[in-house]
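Two complexes follow with chain A in common, the first pairing it with chain B and the second with chain C.
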Partner chain A sequence: MTAPEIRSRLVDDAAVIYPGTYLNQLRGESIENQCQELLASGIRNIVINFEETELINSIGISILLGVIESVNHAQGALVLSNMNASNRELFEMLGLMSHVEMLETEEVALEKLCRVETIV
Partner chain B sequence: MDLTHRKMLHNLSALGDLAAEISSTHNFEDVTRASLHTLLGALAIPRGAIARYTSKPRQLKIVAAKGSAGAAGRRIALNRDEVERLTDHAHPMSVQAQNNGLAHFVGRHGDLLKRLRAHLCVPMIARGELMGLIYLSEKFTREAFTEDDIEIISAISRSIAMAFYNNRLLVSLKRKAEENRRLYAETRQLYRDTVRAFGAAIDLKDTYTAGHSDRVARYAEAIAREMGVTGQELEHIGVAGYLHDIGKITVDRAIINNPRPLTDKEFGELNKHVTTGFEILSNIRRPWDQIAYMTKCHHEKVDGTGYPAGLKGDEIPLGSKIVTLADSFDAMMTDRPYRARFTLEQTLSDLRRQTGKQFDGEVVAAFCRSLLKEINGTTRDRVFIPMIGLRFDRVAISATLDSMLGELDGSSSEYRSAAS
Partner chain C sequence: MLTPLIRHTMSEPNSNQVLSRLSNEEFVNREAELSRICSLNNSDSSRLVLLIGPPRCGKTEILRQSYDRLFHERDNVIPFYYALRRSGIDLETFARDYFSKVLAQFIAFRRNEPKLIGAADKSLSDIVRAAAPEDYVWVRSVVDSFTRASEARDKSLMARCALLAPGAAGATAKLKPLVMIDNSHLLEGSEIRAEFLRALEARSAAEGARSIHVLTGLRRVIKDLAGADDELIGRIEMIHLDQMGEESVERLIRRRTERLGIATSDSTIELMIQQLNHDLFYTRAIVDAATVRGSLRTFMDFEKLYAGEILNGRIGQCFDAVLREVATELGSGRAALEALALVLEADLPVPVDAVSERMSEHCGDAEALLTRLHSREFLNVSCGFVSGPADPVLSDYLRARYREQILGASTQATGEDLLNEKLKQSYELMMSRYNRAIQAQLIELISGFDSQTLPGSLLDQDSFEKRYRGMSRVQIRRVLDDELDRVRLPQIVLVREAGSSEQPGLQWRIFEASGFDGAIYTDANAVLWLIALINSKEPLDLETLGRIDQRVEAALRGHAARQAPAPQVVRWYISKEGFSAVASERLAGMHAYRSTFSHLDLIQDHLTRLALEGEVRPASEFELVIPVEDEAELIAARTAEQIARAAGFDTESVNQIKTAIIEACINAAEHGDSPDKKIHQLFAIDEDRLIITVSNKGKTFGWANEPSAPSVVQPAKGTRGRGLQIIRALMDEVKFERTDDGARLVMIKYLKRPGNQ
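== the complex of A and B ==
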């Protein structure tokens, strides 16, 4: 299986990752690898924009937990944005809302991360 | 939708994802990794691993791990008692439990359990056999596992165990199929070598015909292949080529090697070799049973003047017609006790004269095409060239073959252009 390409962009000191329509194992592992690379390159602020993501399955959840742990371990900040109602409900149901920041839009997420950067 | 229903739906969806993974055609390493992710994601568990059990040697090997980079590949030895205890525990159990008789086993890989932050371990049991062990950390939220969670973990673990069981079965079947294929190939080779050895033994009776059976087999195969014969039928024709003279082992060596013309009585004796050969080979069972009849008919002629039965045209099996031509070509191109070898021109002239009488036209056409391809170098095969050598008039021979093909209405246009 070939690893799918995951779209991302850098905004100042932050990186925004776009997981695409369906977060499954292949795409999830690509996102995890991309996050590891970003953290290794010194980027500490990461936004994952779920605007196009219709469905996150249990494999996707498992991989996102890995991403959250990696960012926490690197003392970085992770914000999930643009999540649809059903994916948000899934996070709520699993009790993850208090462990990861979730904001309405990418812009708000970037603003929040940049503000944090400034304060630091 | 209330929380309970949402959870149920999520867990059902996880089981569905797992079923899709298990039945997928992905390699089993990917399936195992996806299965672990499915289990961890179903209950938001951040770390875990799946270890596969092997009985020889008796050990667990981590085949998928999440949350501890160095865990994959780690082996944990088990003793017989521990295997029995794990097999008896089909449910998740705390790695800290002291009353399950596994404290020593847990202590032996405490460092790994620490790195995985293992909280639970779940023996994977399928059809009463230990397939492996799943290690799980606490939930990401640090909340305790509920009874429902334990049920979900058990259900997913059973499915993963079944996937391991089926995969083991598949690997074993593949190994057996591969072994059978190898044995079959070896048996076929042995059979072919035996047949060749028989052919060589037959030829030893005749001081003039060393290698005759081997050459007849190769010519017959080349002609048959040119006629589009493939697979088992092609193999049978080759074997009939090797064994066509097997009946000669009962003919007096003095008759076979007689340099003078044979008397009627001697001819009668020699001609018996086809029926003797049939008797010898008729004990060979399917799928080689037709070889006996092919060899019996290799002195039949398409015009009905051959022996032993005077069969005509299509009453004669195709394999026999092919062996007849291959046999005659080799006989004409080699020295005999009673005459010197023919030139290629003389041999082709005889084949032409006997087409429709002794030889079948389509078989002669296939022979001509094969020979022409070798002469013109349009094939890498060298079946006839070793016999005819290089000292012949290439242009004249090509023209003769082309002309024969024209007469036989064989598809010779491409060879015509190649010959010119």
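== the complex of A and C ==
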């Protein structure tokens, strides 16, 4: 199966990634590739907007953990947003909330990231 | 010997009765055997059929009814019936009698006039005159042959003429002869036997059409009739008759008493069936006696008639006749009674030598007498030992006759003793029957446990009393369903008895019922129900409970020794009269269930109703098979979503179920190594829960070897390992089961968690 296309957009010097309805291994790997490219191009602030994401599986979560580590390693910042209650519960259950910040909306996330940059 | 029952109990004849003695109404439950005999002609071979059954089970009547049916059917078969009358009959007398009867039956059949069968008692020339014109020449010629043999005083030739007559008659009529010989045990040891066996061998066309022979008589004798003739033995077919079933005997009693206007009661009818050993002759004898001497309403009515019948009535006369026939020598009557008293008294098999010794004081040939008693089933000789009869009525008769004739008691005293004894036994017999019925009901009930739910009060007598005191059973039935407190039953797979005790006024029995909670076959779900069924006159007291508990604990230890790991144990005490306050308190402390016999009926009702409403098994089951390919698990998730929503799960639960099934599918795909590259899923909605089973035919599930979940708090290292963690967190119950060809994961989500959490 070909790698699914992951929608994303740049907002100033931050990038917003939309994983789609189901975050699985294929989509996780696409997100991972896209983040690597963004980091390589100098983008350090990334928001992953889960508004459309209905389901996340354990492999998707594992890959997401890898992405978080990569961004942290590159001194970047990654924020998750718009997550539904079930997925939030899943992340909390697996203890992911201590690794990454989760905010209500994309706007709040972008605002937060820009503020972080301004402070820096 | 013709069994005497028939002579005395002839019922109103039907217009179709030729030789039969019972009306259709009274000839019950023997249609299968009757049909089999009447269809024996459906074969080209000459056949020899033995109708085998216990004494007085109606073998003669089956032959006679077969005769009637074949007589009226007139379809390919011409029937002949002959009953040997007594032992020691000489060949010539037999030949004359047999020949006359065969000819008379042939003529009656050909002219379709049953009355002509009676012509057998007339002279041969009278019989010839009755023949139909088209048969006259043949009848004349066969009679002439017989007469020539008679004039030549050739007994063997006369016998051959007679025995071959049915075959020749069949050839003349172009019909297959079916010859039924009753009391054929009388052939044994007589000179007729050799001629008879020779006639059976007759098979050439010249000797007549191939005949079918059906023989009946004393089963212990006729089985050996063929001797060592391998060819003959090879041709023998058996039709086995069993003792009449309880229902048939009951139907017979009800019909007959109703027709004769005799008052009865249900409990007396039950007692009659049991005490009379399902025997039709005894039953008819008692019912007929009741027309003269009284009713059958009470146990006393019945036992009085019984004692009278045993001592002076038809039952006694029938056995007297047998004893006279068996004990032919001087003193052998006494020898027989001595032998029978000895084996009855011993209650265990007695060596033949010991019995012979006691008999030899009174008669010469003890061994021959024993053989005759054995053939009559008055006793059983086997492997050098003698045991008493299996028939309790015969035992009663033998004891009574021994008291009278050997010990010199008067008939009146013997009768009173018998009456007293039977009255005491009747109560015990009915109690033991009642206990057996309750036990059978309980076993059937438990065997039907299959994950249903029961109103909790049916397993908690105190709560039942509080809720429903003063209410009628009908009212209780109506409101039981409203109980919120429910007990979910396991699925029971095996019920066995684990001990019992019987003493006057108190009987109890313990059962072990093994099964699984939720019908999930894992060690963790294994359950053992220990059930004590107690029949006492009083509510169960603490002391008795202690004794029963000792046995329950012993059963538990026995089970633990046989099966590891130990299952979850549930104790259930069912006491006819309930429990004393202290006993109830103690059982409540043990978390044991407590019911009474009346609760059993309500439980039975409830489960029956559930079964009728189709609620016993999951109301809906859906199967889904998805291929092992990318994102196929989404199809499973969508399906689960639809099913869960339809079952009433809220959005949060629906999402949890979807996530769990996605993880299960991923794992099945990843570890399954399934040859069909498919993942099988079963969704079952069962009252308040959704059971999802995900199976694959691969080696195993990835987690099947890791029953303990990784820590929920610490994420597992690496990219995998969170699947089971997620499933366990999102579903209420998760089990792995190995199957013959792979593994399955069973996940359960409750609509409302147990305990209303």
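Descriptive notes on the structure:
In the analysis below, the second predicted complex is superposed on the first by the 120 of 120 C-alpha atoms of A that agree within 3 Å, B and C clash if a C-alpha of one lies under 4 Å from a C-alpha of the other, contacts with A are read in each partner's own complex, and residues count from 1 in each chain.
The criterion applied here is as follows: a contact is a pair of C-beta atoms (placed from the backbone, for glycine too) under 8 Å apart; a residue touches a chain by one contact, two chains touch by 3 or more.
It should be emphasised that the depicted structure is a prediction, and the values quoted were computed from it without experimental measurement.
Look at chain A after the overlay: chain B and chain C clash there. Applying the stated contact rule after C-alpha superposition, one finds that A:Tyr22 touches chain C and leaves chain B untouched. Of the two partner chains, chain C is the only one that A:Ala85 touches; chain B does not reach it.
Contacts of A:Ser62 after superposition on the shared chain: both chain B and chain C are touched. By the touch criterion stated above, A:Val108 is placed in contact with neither chain B nor chain C. Of the stretches 44-52, 458-466 or 710-718 listed for chain C, only 710-718 runs into chain B once the two complexes are overlaid on chain A. Overlaid on A, the two complexes show chain B and chain C touching the same residues of chain A, namely 1, 57-59, 61-63, 65-66, 90, 93-96.
In the complex of the two chains, the chain A residues touching chain C come out as 1, 22, 24, 26, 55-59, 61-63, 65-66, 84-86, 90, 93-96. If you check the complex, the residues on chain C that touch chain A are 630-631, 633-634, 637, 652, 655-656, 658-659, 662-663, 666, 712-715, 718-723, 725-726, 729.
Residue ranges on chain A touching chain B, taken from their complex, read 1, 25, 28, 57-63, 65-66, 68-69, 89-90, 93-96, 98-99. Considering their complex, residues 3, 6-7, 10, 13-14, 17, 26, 30, 33-34, 36-46, 66-67, 139-141, 143 of chain B touch chain A.
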